[in-house]
Structure formats: structure tokens, C-alpha cells
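Can you read through this structure? Questions will come right after.
Labels A, B, C and D are assigned to the chains in the order they are written; within every chain, residues are numbered from 1.
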Amino acid sequence: MNAEKPSYMREVLETREMELNMGPQHPATHGVYRAILTLDGERIMKLNSVVGYLHRGIEKWAEYRTYQQGVPIYDRLDYLGAVLNNHGIVGAVEKLLQLEVPRKAEYQRVICDELQRLASHLMWFATHALDIGAMSVLFYGVREREPIMDLFEAHFGQRLLPNAYPIGGCRLDFPKGWTEACRKFLKALKPRIDDYETLLTGNRMWRQRTIGVGVISKEDAIAYGLSGPTLRGSGVCFDVRRSIPYSAYPEFDFEIPLGTNGDVFDRYLCRMKEMRQSIRIIEQALDGMPEGDLKGKAPKIMRAPMGEVYFTVEAAKGQLGYYIVSDGTDKPYRLHIKSPSFINLQGLNRMSEGALIADMVAIIGSIDIVLGEVDR
Amino acid sequence: MEAISKFIRMITFPELFKGMAVTAKYFFQRKVTEQYPDQKTILPYRTKGKLHVDIDKCISLCRFCEKVCPEGCIKVFPPPKELAKTDKRPVEFYINQEHCLHCGMCVDSCSTGAIHHSDEYELVVIDFKELLGDKETLPYDMIKKHYRWNYLENVPVKIKDSPLKEEEKSQ
Amino acid sequence: MDTLLNLWSTIESWMLAFPVVIYLVKIGILLGCVFAVVAYITLAERRLLGFYQSRLGPNRVGPLGLIQPVADGLKCFLKEDIVPLNSNPLLFRLAPVFAFFPPFAGFAVFTFALPWVMPNGRTYHYSVADVDLGVLFIMAISSLGIFGLILAGWSSGSKYPLFGSLRSASQMLAYEVPLTLSVISVVMMAGSFRLSDIVAAQQAYKFYFFIPCIIGFVVYFISSVAEMNRTPFDLPEGESEIIGFHTEYSGMRFAFFFVAEYANVVFISMLAPALFLGGYDIPFVNDLALYGAHPNIVSILGVCSYAAKSTIFALFVIWVRATFPRYRYDQLLKIGWLVLLPIALANLFVVAGIKLFLLK
Amino acid sequence: MADEKETTAAPAAPAPPKKGWEPTGEIAESDASKALLEKFAGFAAPVKNLAKEPTVMVKKEKLVEALEYLKSDPQHLFDYLSDMTAVHYPDNDKKIMTVYHLYSTSRKDSIRVKCELDEGEACPTCVGVWPAANWMEREAFDLMGVAFEGHPDLRRILMPDEWEGHPLRKEYPLGGPQEEEIRSNKYGKPQLLPDDLEEARKIIEEGRNER
């Protein structure tokens, strides 16, 4: 019929690379992230990331709000680790204004930070397992996160985005009975984590899906600027809580779990161990809670002298940094947020070279991105 | 010997059955689902719900809440100066709950405790008007009890009976 | 009572005059039951999964959520039916039917119990067509389902379904072989392809075939889970990976695939008891001796025992789904070809040896 | 777009200081900054800092060389690029400043390197030194309009490809180029009402009737 010959007669049989869009609306990308994959069969030859679908212009926005007004907004960056974002900005402003935070407030911050880290890791654990197909784990993770949200609601009044700390200290003491509830929760969580390890760590399917997948070497991980458990899974000991100590962290005894191979399984193990360490830190902080004042001496109108500071905290996803340039007014002249997810996502390129499509899902899950933070 | 035990482990799937035992364990435990409209959530005292204003307490001239609000959803109209000497109550007070972040900074900054969060959390409305509070609608219905978390230091914690607690009891 | 019997004998004489009526009635009853079971296994799975995941599952529509399948079906039928521009419209519309039909056709050769005896001595079999080559028929018909998947993937005119259907096709091919081989071991034990003969052989031997064919049973279980496209082999519909052959389908046509999948689950979990667990044989009872005394009671109990066995099998499949993560595509094929196939072959020799030397 | 809606509510942008931006505080020094100043004398200058963070201003010509030196010199080993960004100072002589925050994972030390640029001048890229800089430089280009010489893939990253303007520059209005239009749009009603009571009442009533 057709004047042209069919393709198989025209030329020798050949294979072509295929381009495939993954996202922006895709359950495994954890938000609106688009990956343009160049495929050879099922194997990924090249990955091209497209981000920015959730860009809200928070950095521009910050230049029009005072230091205090900004605090609740940075909750929305990494909405699964809101308290940690709060700690970052509050710490940066305190460093800029050279405010001293009472020791009790620091302890309280450590407790809430670690609870938030637990919540974030539990959510990561839930979604990561779901990506690899373990469906029940999603519900277990969310179920365990729920008491943490309840604790936050009882203390801060909000569950997800609590606007946790004011600049200079903390708002209120823990309500009565909170500490006991917290201890009870931690005690109940420990056997639960053991249960999940039985479900996944030893499981041959889980191991086959994760071991040797998405490998990134120690040198590459540093060069790509990865941070958090994604970096530590490759065996680099860089934890802001230890390396650039802030708040009351130097006073606590905890370990930094490290991986060896830098694959998905190592990152998974790192986070699981980190959860146990978080529990340890919270227990120490609850035991050693000092007496004293909570609210620091923060001025009502905060005018910083001209200058710049860079303050980083260890957020659940990695090193979260706030770079503030002040021009002498009560508003930041420029505020830059080093968001760990953004940089970690960059490493995806390196990790997914030669991986299969199904591995890609596992790798995205293992670097634990939150698109709100990637796009800011 | 080790090779044999490894082989046996390989063909008998012990770790898979352990995993199945875990799911089976949770099969028989208490379920965590809250059937929301039938079963109302128990809220802690500090819950930051809808904003309400005790108009009689407001001194209106400071306008701290208006200045501190990051979303700019509060607007206070103080009375003219001659009047303010005797009656400091605001002429008009607008809160646009549609934009409220529930961050609680206005409550922090209020020196008389006029503005406060209530325990009203069901904010889904069909008509946006219902979220625009003015002087008539902002005062809270005093018959219902409400909690002002800015002045309540150390009230006992109210956490809902989560399944974790249940397990504690049984152990 | 007498009038009833008289009425029945008139109906019976009519039916004997037109034997096709008997078949139509049987088919009607069978399809009705199968549809009901398929509808409720969707609900059962969702609720049970909920329980495994320490939540309640759907319980809003009707008491205990019992009307949920009706609501789901209604929703699917009322939804917009989209045919993508790029697709081949005819094949796109035809593919769900291809996928839908085979599992239902397979039920025709099952025998659900020993025959029912009427007071006038006439017997009625609990099967539509107990053909000689029942097992072969089942294998043939269940391989047909793959056409639906390939057509669906190809005719959608999109990359994702194409990927999905290719994966499904190779997966089904890979697992069809060990499945058949493990079934062959049972056929070897029984010496017949007829399903009722296989059950009868188990009754005669006084042990179920999963004892000599234990390896075959495990292989059968694993590869049937893969055939059903369920966890841990649920790649074709692994929703977090990109792909499924029904990506472009919506509304009613999607419901067809959905129903076909669950019909497959019911089908496989009804085949397993017949082959390995003694079918309608009542455990710990000498059925045949009892059948002479109370034939109707035994046949009713036989249906119950069959239902119970297949329910247990289906529950186990759901339990597996609640627990395990998913295999990757290449690993899945590797297991099919490199692990299960040799084991199934070895099993064949083992069973042949048992049959030759242990059972004279 | 929630952002655009918010714009109308925002108070006016802070008036930029007339003299230009000049950091206060005292000069903080570390071994690394001293060595850097010595090695690149004439091209590097110390910068004051509030929080005693060692900061060095490096001229554009020697920037990549200096970063390479900091990274690979066995005494410093700043192998980790913690952050890289750019700041716009419309009132300074040199209007763009790129900022690099380096960290050494082995020595647990950090340093900040800055580089001043003229308007429209391209900054040398440091992707060759750290692959991590790839996206950071793309972001700086996207939001601040700094071109990077030798960058392998200099495209917009956060904004759409066809976007005009660079949002983080000081002359760019918060609501974007269509800010005025949004302000006049009846659905973009200002959240922050005017100070006049009657006007505010009018707006509120209007809003109520429209919805």
C-alpha cells in the first residue's frame, strides 16, 4: 500500500534509545519531580532531572518579611521535618544577632528536633518501602509517626507545621505529663523498629532489590556535595551535629552510623540505626533536662548590623544551611537556603547510571527527597 | 556445616516466615483507624484552632498582632484619639482566616490576651465569607469552653489513647 | 412433598428432552457464584489487608462495608471511558474482553463435589463439563489471558503500557512452564488429566498429593502467584514503578482487567485444592464409605470442604501480599527460568520415582 | 499562584541602603584564610564578619585557582562544597557577589570565599572542581542572572524555561512583571486592608457580594 518500504526492509535491524518521562505526576517521585530517562531497553543510559514545579519563591519572599515573620514560612520547605527547618532559621538569626539561648531551651530544642527526625525517618521508611512494594510498611510507618504528631500537637499546638521556636529560646515548657508520654512512646517504639527490621532487613527480596543498587563511592559522594544519611551511607563521617556542633548536641552521647558500600541498602541501614540513636538522644535529654529560663532575651524589633552569617543544622535529609545577608534593617537583605534535598537530588544522576527503571524508584526513595525543599 | 545450614535457610525461607509472623501479629492487634466524622478527635489544650478575639479586652492601639502576622491577614482599626482615652476597643477588627497559618505569633505578641486560638478546627466552609471574621463574628461563643494557650502554663497533657498506650497496658 | 417431587419430575423430563437446558442452568449458576465470589474477594482482600496493616479497611458502604463491591462496580461503570487518540480503537476496546473471558471459561471443567442423588435415583454432577483433558484445557485457556495484556499494551499507543505488557508477557511465559510442570507431577500421580479423577485418586490413595509432590506444591504456589500478577511478582501493576499494561484504561474497561485479575485469583486458588489438597474430599473421613449411606450430606459437605480449602489458599495469597516487597523485573525472570524450572523438572523425577517404587 | 496573591499584601520592599553594602564586624582569620591570602596576594583580601567566620574575597581571575588550591592542598582539603550562591547589591560598585561555603570533612573546618563581579560579567565556573556546583550555579544563574563561564549545562532550573527576568535581583518586584495587573485584579484583593476604615469596609463588602 504504502510507497515507502516498511522499516525492517529499509535498513538492517537496529536498536534505538528511547526517551521516557517519569513524572511530574508519578507516585515514585514523591512529589512533582520529572526525570527524563534515556533508556536502552530497561537500562537507564542518561537521566535528566527537571525540577522547579513547586517553586514558591520563598527566598524572594523572605526579603519582604521581618526575621520573626519568616519563621513559620520555612516550616513549609521540608514539610516532613518542619521543626528542623525552624531550628535552622532561628539558629541563624541568633547567630546574626549574637543572642544567647538558655540551656533549658536548647535541651527542649534537641528533644523536639530528634522527635522530628524520628517522624521524618519514619515517613521516609514508609514511603521507601512502598516504592519497593512492601505495602504494609507504609501503614506501620505512618502509624508510628502519629504519636509523634500527637506529642507535637500537645506541646506546640500544631501537628505538621508547628512554628516551633521563637527567636531566642522556646515558647512554653512541656505540658504536664508530656515527658512521661514521650518516654512511653520511645519505649514502645524500640520493639517496633525491631519488627520492621525483621520485615525488611533480612528479607531476601528486600536485599536483592537494594544491595548493590544505586552505588555512589565515598569520593563521588563528597564531590557531589551529598549530605545526611545519603552521604553517610557511603562511609563519610559528616554529621553537622558532631562536625559543626550547635545547640546542646555536644553534651550528648550518640553514634553516627556509617555505611560501607554506598548503596540503597546502606542508606536504609543508616537511617534505621539513626532512629535508634535519636531515641537515645531524646532519652538522655529528658533525663538531663536542666532547670531555668526558657525564653531568651530577644529584642522585640530585631535589627541586625550589616553582615552575613551561615548557619547549618543537621536536618533529617542532610545539612540544612541558612545564609543570611543583613543590611541593618529588620528584614534579611538576602536569605539563601541550602536545602539538602536539592543537592542530594543532583547526585541521583550519578547513582542511576546503568540502573534499571525499577532501581531508579528504589534510589529516589533512598535519597529521601522532599520536593518542597528542592524547589523552595 | 555452614554451607548446609545456609542451604537449608535458602530453601526453607525462614526470614520470610518471620516477616509474615510480624504482619500476623499486627493482624490481631487493635486497629488505629479513627472514623472521623463519627469519632471526634480529642484535642490537646494547646491546639491552635481558629482565631478568636475578645473585643472587650483589646486595646487596639498597639496593633502588635497586625504587625507580626506574616500573612497580613489581621487588620485592626483603632478608635480616633479623642475616643481612645475612654474606650480603647477597636472600631473594627478583621481577620481573614482563609490566609491564616495558625502560627500563633499574634497570640504570642498580644499583651492583654484578647486574641487567642480556640479549639475549633473544622475550618472547611462552602462560602469564603464564613472565614472572614469581623467585630460581630470574632468573639468566641463563651458557652463553649475554650482554651487560650498563651497563658495556660503547664496544663495537663491530653493525648488521645493511641494503640501504643494500649499495648503498654497489656504488657 | 409429593407435589414438589411431581413438579420436579416434569421439569426433569423436559430437561432430558432438551439436554442443553441443563448445561445452561449449570452455567448460569456457576457464573453467578463466580461473579459473586470475585466481587467479594475484592472486598475481602481490602479488608484483610487493612487488618494486616492495623487499620479497618473499607467499612462505610452498608453494614461492614458489604455493599462496597456494588458501589465500586457502579462507580466504574459511571466513569468516563477514555480512548486515547494514539490508540488502535478496535483492539483497544477488544483487549479487556480478551483478558476477561479466559479465567471464567476455565471454571467449566471443575468438579465441586460428589454427585447429588435425587430421590428418584437420578444423579446430578457438580460440574458443567468434566472433560477428559480437564487439566490440559485449564492450562490452555489460562494462557489465552496473555493476549488481552499484550493487545492492551500495544493498542494503547503509549510507551508505558507497552513496557508493562512486554513485562507481563515475558513474566507469564516464564512462569507458565514451571506451573505446568508442577501440575504434570500431580497428573502423573493420578494417572489422569480429568480433575474429578485426580480427586478420586487422592481419595483412593488416602493421602493428598501435596505430600509426595511437596516440591511441586511450593513451585505451584510461587508460580501461580506470579501468574496472578500479585506481590511479590506484581510488576505489571507495580504502581510505584512506571508501568502497567492498563495505564491508559479507565472506567469500565479498567474494571474488566480488574475483575479478570481477581477471577484469576479465585481460579488459581480453586485449582490448587483440586490438584494438591484433595479437592472436595472431607479430611479425616472416609468419604466413599459414607457416600453410600448418606450421599447428599457428603456431597454438600464436600462443597464446603472444597470452599474452605480454596479460601485458605486465597487467604494465604493475601497474607503474602500484605508482607512482601516486590521483585525487580530481571530478578523475576531469573527466578522463573533459572530456579523454578530446574526444581520443577527435578520434582517430576522425584514423583515418578515415588510412583514407580513406593506405590505399587 | 499563591505568591502573586501574597504580593499585594506585602509591605513595601526595604529601601536599599544608599551607600551600598559593607560588612561590619571584625576580620576573622584561620590557617586556611591566612595561607590563601599569602598565596594569592594581590588577588585576595580578607572580609569582615559578624560571627567570626573566616571570609576571603578573591578576584575573579584567580577564583577557580584559589578554590582548586583550597580543595586539593593537603593542608586545607576543603573537599566539600557546602553551599554556593550569589547576592545582588545594586548600590555597590560591583553589583554581584558570588559566595562559596567550603567545608573540610577531614579537618572539620570551614571557610567562606567570595567573588565580586560587575553587572553582566560572567563568573568562572567551579563545576570542574566540585560537580556539586552544577545545580547551584544553575540556580544562581536562574534567580540572579549571573552567567557562568564554562558551565556545561547553563539553563534555568527552578523557573520555567521561557521565564523573563531573574527573580532574586533587587529591581525585580515581588509579584513579578505583572504585579500591577495583579493588584488591580478584583480577585487579587489585598489581604492587608487600607488604613481608612470606610475603604476597608467597602472592599470587604465587595468581596462578600462577589463570592
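Here is the rule we go by: a contact is a pair of C-beta atoms (placed from the backbone, for glycine too) under 8 Å apart; a residue touches a chain by one contact, two chains touch by 3 or more.
On a predicted model such as this, the values are computed, not experimentally measured, just so you know.
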Quick check on this structure: which chain has its C-alpha centroid closest to the centroid of all protein C-alpha atoms? A
When the centre of a chain is set as the mean of its C-alpha atoms, what distance in Å lies between chain B and chain C? 50
If you average the CA atoms of chain A and of chain D, how many Å lie between those two points? 23
Whole-angstrom distance, CA centroid of chain B to CA centroid of chain D, is 36
Spell out, as numbers or ranges, the residues of chain D touching 2 or more other chains. 6, 10-11
Residue list for chain C, restricted to those that touch at least two other chains: 52-55, 322-324
Which residues belonging to chain B are in contact with no fewer than two other chains? 16, 19, 22-23, 26, 32, 163
Could you list each pair of chains that touch, in label order? A-B, A-C, A-D, B-C, B-D
Spell out the residues on chain B that touch chain A in their complex, using ranges where they run on. 13, 15-16, 18-19, 22-23, 25-26, 32, 43-48, 68-70, 101-105, 108, 117, 149, 153-160, 162-165, 167-168
For chain A, which residues are in contact with chain D within the complex? 51-52, 55-57, 59-61, 63-65, 95-96, 98, 222-225, 236-238, 243-244, 304-310, 312, 319, 321, 323, 325, 327-329, 331, 333-334, 336, 338, 342-343, 346, 350, 375-376
For the complex, give me every residue of chain D touching chain A. 2-3, 6, 10-11, 13-14, 16-17, 21-25, 48-51, 53, 55, 79-83, 85, 87-88, 99, 101, 103, 105, 108, 110, 112, 130-132, 134-136, 139, 143, 156-160, 167-168, 172, 174
Which of the residues in chain A end up touching chain C in this complex? 18, 20, 22, 26-28, 42, 129-136, 138-140, 143, 199-200, 203, 205-206, 208-209, 356-359, 361
For chain B, which residues are in contact with chain C within the complex? 16, 19-20, 22-24, 26-27, 29-33, 35, 163
